[in-house]
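So, here's a batch of structures to check.
Consider the two complexes below, in which chain A is the common component and chain B and chain C are the respective partners.
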Partner chain A sequence: MKGIGEMLNVENMVVSYGNIRAVREVSLTVGDGEFVVLIGNNGAGKTSTLKAICGVNSPSGGTVNLNGENITGKPSHKIAAKRVAMVPEGRRVFAGMTVRENLDMGAFLRRDKKSIENDRETVYELFPVLRERFRQPAGTLSGGEQQMLAIGRALMAQPQYLLLDEPSLGLAPIMVESIFEKIVQINRQGISLLMVEQNAFLALSVANRGYVMDSGEIVLAGTAEELLENDMVKRVYLGMEEAEES
Partner chain B sequence: MSKKRLTQYVLLAVLLVLVPQFVRSDYALHLMIMVAIYGILVLGLEIILGQTGLFSLGHAAFFGMGSYTSALLVMRLGMPIWLGIVLAVLASGILGFLLGFPTLRLRGDYLAIATLGFGEIFGLILVNWDSLTHGPMGIPGITRPEIFGVVFDKRMYLYLIVLLFILALAAAFRISNSFLGRTFRAIRDDEDAAEFLGIHISKYKILAFIIGGMFAGLAGGFYAHYVTFISPDSFTYEDSETLLAMVFLGGAGTVIGPVVGAVVLVLLPELLSFMVQWRMLVVGVIMVLVMIFRPQGLMGGGMKFLKIKKKEVARIGEKE
Partner chain C sequence: MILQQLINGIMLGSVYALIALGYTMVYGVMKFINFAHGDVYMWGAFFAMFLAHFLGGQFLPVLILTMILTGILGVLVERVAYKPLRRAPRLVVTTSALGMSIVLSNLARLLIGSATYPMPKVLAVHDFKLGPSAVINNIQILVLVTAVVLMVLLNWFVNRSRYGKAIRAASEDQETAGLMGVNMDNVVSVTFFVGSSLGGAAGLLVGMYYDAVYSTMGYAAGLKAFTAAILGGIGSIPGAMFGGLLLGIVENFAGAFLSNYRDGIAFLVMILVLLFRPGGLFNAKIYQKRV
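Coming up: the complex of A and B.
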């Protein structure tokens, strides 16, 4: 299935809300098997970028290419069919449905029952707590468990690219760490990741490459190591991190 | 099907056949028939509102579409009644499509307003399309069904509607437990997240309106041949509202809940009839109390999550 040159490629993308340009000519790529993070402050346009890639908002300029195919402005459900899965910000599980039903919904587009079952087992192995609670309504899970479920549900679609929007949002530090560990494991299984994250230090310590966004533009790009060493990143984005860690 | 299950069904069937034989009063038979009609109506609204979360204030239009379709086809074209009712179901389904299509992009309150307008438009058409519908005068003397040359009496009507109700109930359960029902509920719980999974939201929303409309069409087709007189007054906003109240009172998202709501809201005003003009006040107070102390409805249900989901998630998040 995989070939050389398979990548998610965003070129000069512009996203506007009325007169406000939230994303200005952003270009980024996620190569096959890569783990790329998009960091930046609140309101920098990270989430807008992610949403435009997966078709929630239609970009007003530029292109989104997936493995060489132009998918700019296609509706979300069509992009999902191209094996791009999204874990939206704030978890967004189907609260009235059980854990198991949530996972099964993740496989909505698939008809291969056997392999769906296998994948469900894989998700349960990755997040054992979901197996324990498989009959529980998703709305009764804790925040961290819901995040696991949201990620597990996205994995059920057998994605080639997984987009994660602020997976650490509103979670306790210990839970964030364990979720990030799992995310790294998912990447090791060969799924390419594009993750939006405010926690710059944590994000850069797990990713291969990163982009720094500010006021709708990408101001810096490089490998994770380079960015961690960069003075501007250190000052602006990691400065807060010392207080947060401890 | 297990043996135990089978005996339960047989017992139920025997009960359903025998009970009406012992009911002597026409009034009681009439009430039972009305409960079943409303039962089918709310099963349809449950699919639209309870399962898919589409706030529809125009359900009476589907009911009216079914009634008028069957009445006109049977009386003008001399069709057999069963065929009239089948076509009524189809016509209401088409009306569901016509409603679903233009309102796709609307959510929540906006959708409610749009469906309200839709119901009003339907009512206005009934009133003003004189040559077809007889306008506000309505259609009197609608053909009654016959069997072996015997015109239906109340007891036979009851048997027929109970049969239709059971079919509708089975269909509703079947849908709710199927892949389709789960997809509906996913859309209800989180439309955006559902779309990320590849669900074509518009398609399923229209489908919900079509299926819900078909249930109402069935109830409507029967209703026309039962009361034998229909007019635009029978299918107003007030009726839509009553149906909505039944779904919420019983518990949206539970299939059986709305049916319980229908039983309560059909029978309660009758049981309270000794209070004369006070009875609707009492019904109103009961509604308010139920909503305060049991917001998820008498039978509980998914709507609970729909309404307070955000708060609940935040609370669990904070605790952590």
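Coming up: the complex of A and C.
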């Protein structure tokens, strides 16, 4: 299925809420198999960017191209059918449904029972705690477990592109590390990732490339190494004051 | 006497429950009270009347066709009166529902008439004695069995089927359900179809039981069933079933002892429950999201 030139390509995308322009002419790409991060401060427009890509909001300008097909402004259920999955900000698991039912919802568009079962096994192997809790309502899971469930649920869609919105939000440092390990593992399996993250250092240490967003615009782009060495990134996002001197 | 009231109460309550499910399912997905549901139920009774006339004493075909026709009516009502208002404030949609209720009941009066019509006999009545003072007839048994079977089927549908799960997911979080590939238009249509078809079944059962069908029958039944849904906790499916049964039983006992206040009792119960448990008896939001 995959071929050269397959990529998610956002060009000059604008997202507005009434008079507020939350995203101004943002362009970014995620290549096949790549791990790309989007970092930036609170209110920079990161979530708005992801939501517009996957059709929760429709962009008021620009285009979103998926493997050469224009998907700008399509409703989210149509974009989900094109194997773009999302782990939303704040996890958003279906609290009153069981862990198992949440995973079923991830596979909502699939009919191949056998391979759904295989994928469920794979998710349980990635996150064994979900297997232990499979009959429990998702709302009774801990925050970290809910994050695992949100990721597992997205994987059940067999995505080609997986968008992750702040998977570390509200988790203890040790849990963040373990979640990040799993995310790297997911990328190694060939799923392309676009991850929004506040923890810039951690994000850049696992990704291939990154974009820095500020006030609705991309202010910096480069490989993860370049960004980790960049003075502005060091100062603003990595909190290294001494970088100002050099 | 007590046994008799209990039997009557359970029977009436199971019908309230069937109608209440339509209110609660639509509320769950769309967060408004579909005040036209009582009139959809009334139309169900009329569909049943015509079908029973043409098909004669065949209960099951009449039931199934009534449910299909009423389900389609519910979907049409949604398309006409609610779909254009999908993004409007809920108060606006509720107002549209009130308007639709008036349209549907007047349409029945205009097209069919304002008389009370008998329901063609689907079955011959047989009484069964249950002890010295309690009687149950085969129509009552049929009403009860049908209501219970439909609720069991609904439970299976909501908990096990693909679209049932989608309806529950969309009731919790529409945006995230959309990310899973759930098309809201389909979920809304399925919800209206299922809720309305249960209302249609109730129309047939009530029409059979009282041997009467009339254009304003949706008003009181709708209000009672709405009360039952609120009692159980609007949005909760088990809540609607339980609320319906509770209301039916309480109302029958109240009717036996204070017959003049029978209808008032239903609302008194609702006020009391809401005073002490504002979310209803089965609060739909048992599981709070952790941050």
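Here is the rule we go by: the second predicted complex is superposed on the first by the 239 of 246 C-alpha atoms of A that agree within 3 Å, B and C clash if a C-alpha of one lies under 4 Å from a C-alpha of the other, contacts with A are read in each partner's own complex, and residues count from 1 in each chain.
In this text, a residue touches a chain if its C-beta (ideal position, glycine included) is under 8 Å from a C-beta of that chain, and two chains touch if they have at least 3 such contacts.
Since we're looking at a predicted model, the values are computed, not measured.
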Could you tell me whether chain B and chain C fit or clash when both sit on chain A in the superposition? clash
Looking at the overlay, does A:148 come into contact with chain B only (first), chain C only (second), both, or neither? neither
Answer with first, second, both or neither: which of chain B and chain C does A:13 touch in the superposed model? neither
Partner chain(s) touched by A:56 [first = chain B, second = chain C, both, neither]: both
Per the contact definition in the header, classify A:30: touching chain B only (first), chain C only (second), both, or neither. neither
So, A:80: does it touch chain B (first), chain C (second), both, or neither? both
Just to be sure I read the superposition right, which of the two partners does A:96 touch: chain B = first, chain C = second, or both, or neither? both
Once the structures are superposed on A, label A:157 by its partner contacts, choosing first (chain B), second (chain C), both or neither. both
Examine A:175 and indicate which partner it touches, taking first as chain B and second as chain C; both and neither are also allowed. first
Overlap of the chain B and chain C footprints on chain A, listed as residue numbers: 54, 56, 75-77, 80-81, 85-86, 88, 92-97, 101, 104-106, 108-109, 137, 139-143, 146, 153, 157, 170
Show me the residue ranges of chain A that touch chain B in the complex, using the header's touch definition. 54, 56, 75-77, 80-81, 85-86, 88, 91-97, 101, 104-106, 108-109, 137, 139-144, 146, 150, 153-154, 157, 170-172, 175
If you look only at chain C, which of its residues touch chain A in the complex? 162, 165-166, 168-169, 172-173, 175-184, 284, 286-291
Which positions of chain A touch chain C when the two form their complex? 54-56, 75-77, 80-81, 85-86, 88, 90, 92-97, 101, 104-106, 108-109, 137-143, 146, 153, 157, 170
Using the touch definition up top, name the residues of chain B that touch chain A in the complex. 182-183, 185-186, 188-190, 192-201, 253, 302, 304-306, 309, 312-313, 316-317, 319-320
